[in-house]
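One structure below.
To keep things simple, chains are lettered A, B, C and D as they appear, and every chain counts its residues starting from 1.
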Amino acid sequence: MTSTTVEPLVAAIASGIEVFDLGRPLTVGMPQSPNHPAYWHALPRRHGDMVRSDGGSAANDIISMGTHVGTHVDALAHVSHDGKLFGGLDANQALTGGRYEQLGAHTIEPMVCRGVLLDVPAALGTPEGCEPGYEITAADLEATVARQGVEPCAGDVVLIRSGWGRHFEEGAPYIGRDSGVPGVGEEGARWLADRQVRAAGADTIAFECLKPGAGHAVLPAHRVLLVETGIYIIEAMALEELAAAGVHEFLFVLSPLPLFGATGSPARPLAVVRRG
Amino acid sequence: MTSTTVEPLVAAIASGIEVFDLGRPLTVGMPQSPNHPAYWHALPRRHGDMVRSDGGSAANDIISMGTHVGTHVDALAHVSHDGKLFGGLDANQALTGGRYEQLGAHTIEPMVCRGVLLDVPAALGTPEGCEPGYEITAADLEATVARQGVEPCAGDVVLIRSGWGRHFEEGAPYIGRDSGVPGVGEEGARWLADRQVRAAGADTIAFECLKPGAGHAVLPAHRVLLVETGIYIIEAMALEELAAAGVHEFLFVLSPLPLFGATGSPARPLAVVRRG
Amino acid sequence: MTSTTVEPLVAAIASGIEVFDLGRPLTVGMPQSPNHPAYWHALPRRHGDMVRSDGGSAANDIISMGTHVGTHVDALAHVSHDGKLFGGLDANQALTGGRYEQLGAHTIEPMVCRGVLLDVPAALGTPEGCEPGYEITAADLEATVARQGVEPCAGDVVLIRSGWGRHFEEGAPYIGRDSGVPGVGEEGARWLADRQVRAAGADTIAFECLKPGAGHAVLPAHRVLLVETGIYIIEAMALEELAAAGVHEFLFVLSPLPLFGATGSPARPLAVVRRG
Amino acid sequence: MTSTTVEPLVAAIASGIEVFDLGRPLTVGMPQSPNHPAYWHALPRRHGDMVRSDGGSAANDIISMGTHVGTHVDALAHVSHDGKLFGGLDANQALTGGRYEQLGAHTIEPMVCRGVLLDVPAALGTPEGCEPGYEITAADLEATVARQGVEPCAGDVVLIRSGWGRHFEEGAPYIGRDSGVPGVGEEGARWLADRQVRAAGADTIAFECLKPGAGHAVLPAHRVLLVETGIYIIEAMALEELAAAGVHEFLFVLSPLPLFGATGSPARPLAVVRRG
């Protein structure tokens, strides 16, 4: 590479891009699954606590959290079935020194690829969002593709909007323990798996359909995607702005923290489009 | 946007890209500044600890850490001088509810822009790396630009390779408390500031030149960049692979965690180039 | 002290003592105030993760928590009123380096003193426990003293049983956000303050009466005890066994962790009596 | 128990006691074993961050730590040999839900018993303290008993002063990785085991003799005490004041936090004597 050849991707962004932030701010008290340690942040040192003689001062932080907090991606090490992880790997053998050296979050390659948004409630004629506990079927996904005219392909990341993200700021209702939460079930997960997508995301905390009162115990889409087909799941995404802009195809970027041996990572996914 | 128009960025990546991972894996015991809480990770639950009746099991994590761990970006709230943050903002007034609502890590916009690598030791004829404690001067940066033929522009992210990153795996030597660490000083920081870059990164833990035995107390480049000019600093980057590939211009992507009110965020920056 | 004189306290215990454990086990998921980081524990290393060549192995832990978790004591630095801590100390001036050097948990002297249990529901004729939200009055405390025949004196630690501790294992009901929780109000706190006790404890999470739906926002007993009179508060104690044994006077021992600059400490208080 | 019978222990303390605090303050940056997560403390909320309309304000904390920090006690679940814990218990079978339900820190009964200080350097004629790396032999322990005239008995807690505690404030030297640290070896541990003590403590970080440069890998006294005989180990105690006062026999109190399933607990042990 020399100075005379401008990098084509740089040229592609030079004429103007728009970046949609699909990650939610991490704040103390935000809604999250009770199965994981809550996100906490504090400043052990604020400016003014210790000032150097030259007038300089640095503030710093401490964070305690699970990895499935805020917008996050599940590593394949997260879920097992009958003691097996993806690829039939024995879950105990995936451990080295007490961490999942195999299939841990550090093994998730950065995603820089085509992304497709499936705006399901728009296709279903309920643009505000699906009902609590509604199961998004394969037919719903097909109808959405047909309406949008953008087909998911192998290797894409597919984001399924249910509209539930509008409850995020409300706290407990977003978790939906009593009300239920809309999303795909086993059928929808298989539809995604058949398309050989690289990852699948949603605007809900558990990605999949939760029936009212059912809690977070039985999660068939996690089994289909994480265990059976090796497809990453991205949860608690902010998809409203992207949907409102009518963007259904984009450059998707997800660069999760390479947390060695962990079962997931908080992340801030991006959708990038070129304007003009 | 309709199905008949393929998103140009998607088309640009369709012909093949290469992604360089500029972030280091986060591991317990990795070298880091003693000024910040160390990175710790544990699995409160492993597969097998609790298995549901249907054979399913989920493992999960707890993480405790500072925000300036592993590869990370400094928010503008990190450093103050004479009680003032960037823009003359009073450091106490930047606080809301005990967190830096102003200039905190959540205010760092995702970076999807041109990136430039300045391979300083290659230009200085010591490709392995600069000597411990060596101060990279403005003349060195100019010589590097001249050799590479790639000029940093306003809004770019500039990554300065010192070669020190090859010590990362060694642990304590990477910190360089006794030996010193190469990097820019106040002069080099002003050179960057004059070019109005958006962010500046390095393959060292403190970004700037540390003289032998000087410790991490006096950091003039942090003052110039974070406090005086509002330029983000990215530390502990993995730049060896990018340099070895001779890539000096690329699409740079950095999507830090939007940690509300924090002084920085661990991150996994990417350099993307198109091949063919 | 020589070998010929046996320490009298040692002689006193030699004839047989009974130790009542007034602290609750710290477990992940136990009920606690949402104002404080929840207690989390994990084993970063289990036996078998790393075994030395000689067959030895050590397991270890990581804990993340607030300090007001499980059975715990409030330091005087915990609560302020109009910017003042106990003794009129300016709350900001109590800080050194970002921690409460003055009145922090490390300033709580170990307590080895007389303890008195006031079994209020027994005196009120409802031995199972007071009703949710019931305010224990000064008259109730007097009636309890009269029934028991054990008078609190200056320097004693007084433990007030409400009976609410029987809900601890139930989780959320113990917090009583909706139902309310029995306890003293401002009047009962003044009764304790008038007796110049050293510390006051209860079997509830907030020590004081919480009216149904009122939450944990207004806590007059905290103001009276912590701010106005410098009396420590001990919360979430296990008092049922002590009450069932009919023990109303005992050697009380509380040795909180000397957490430098913290606002409280988890602790395991003991009541010791001599039998025979 | 009625009002007419004063509790004898209360009577015993009424004539005046002296309490020696054998625990060290927990401070950020204090010396500790690198095998365990370091102690960190921060105030997520200080007074003034959020003030209620009535003028009240509460500050709170977050703590992240291992359990073997500061003065602490090792649970029997801490060390295994050939996969077995104390009593031949299989280390994996001791786990329930990912925590050591058997032999974890919550199974340590509070200690209210006779305590004996063995002031070894005083007996050896080097009252300041033993040399770095010095192994305290059975003969040394016998000589100390003979000099003091206070014999340890079954069920006692025996505290072995090496004098090393005077280095605690110095930080790294206290760990003694290069210099070595004085303490008992396997022989001294067997001497303690033969006396059937309940627990054994020391003023060092690892309890036992560390030869210069040997690190903390091979710990025979831990095997003898924790694995073979079920005797608790207490580390990093503050014994200087007790020794200076010439107190060799006392009421010992240790009430560790009942951390469910953990391998140890920070604690603040006390030595109580009656004066006059």
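Going forward, a residue touches a chain if its C-beta (ideal position, glycine included) is under 8 Å from a C-beta of that chain, and two chains touch if they have at least 3 such contacts.
Being a predicted model, the structure only gives us computed values, none of them experimental.
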{"item": "Joint neighbours of chain D and chain A, given as chain labels", "value": "B, C"}
{"item": "Winner on C-beta contact pairs when B-D is weighed against C-D", "value": "C-D"}
{"item": "Farthest-lying chain, centroid of Cα atoms versus that of chain A", "value": "D"}
{"item": "Chain B and chain D: spacing of chain centres that average the CA atoms, whole Å", "value": "42"}
{"item": "Gap in Å, rounded to a whole number, between the CA centres of chain D and chain C", "value": "23"}
{"item": "Shared interface positions of chain B, touching two or more other chains", "value": "28, 37, 40-44, 46, 62, 64, 95, 98"}
{"item": "Chain contact topology (line, ring, star, complete or other)", "value": "complete"}
{"item": "Of all residues in chain B, those that touch chain D in their complex", "value": "37-38, 40, 43-46, 49-50, 64, 95, 97-98"}
{"item": "Touching residues (chain side chain A, partner chain B) in the complex", "value": "1-4, 6-10, 12-14, 17, 19, 21, 23-28, 35-37, 41-44, 46-48, 51-52, 54-68, 70, 77-83, 85, 91-92, 95, 98-100, 106, 109-110, 112-114, 148-150, 217-219, 222-223, 246-251, 253, 255-264, 266-270, 272-274"}
{"item": "Residues of chain C touching chain B in the complex", "value": "28, 40-44, 62, 64"}
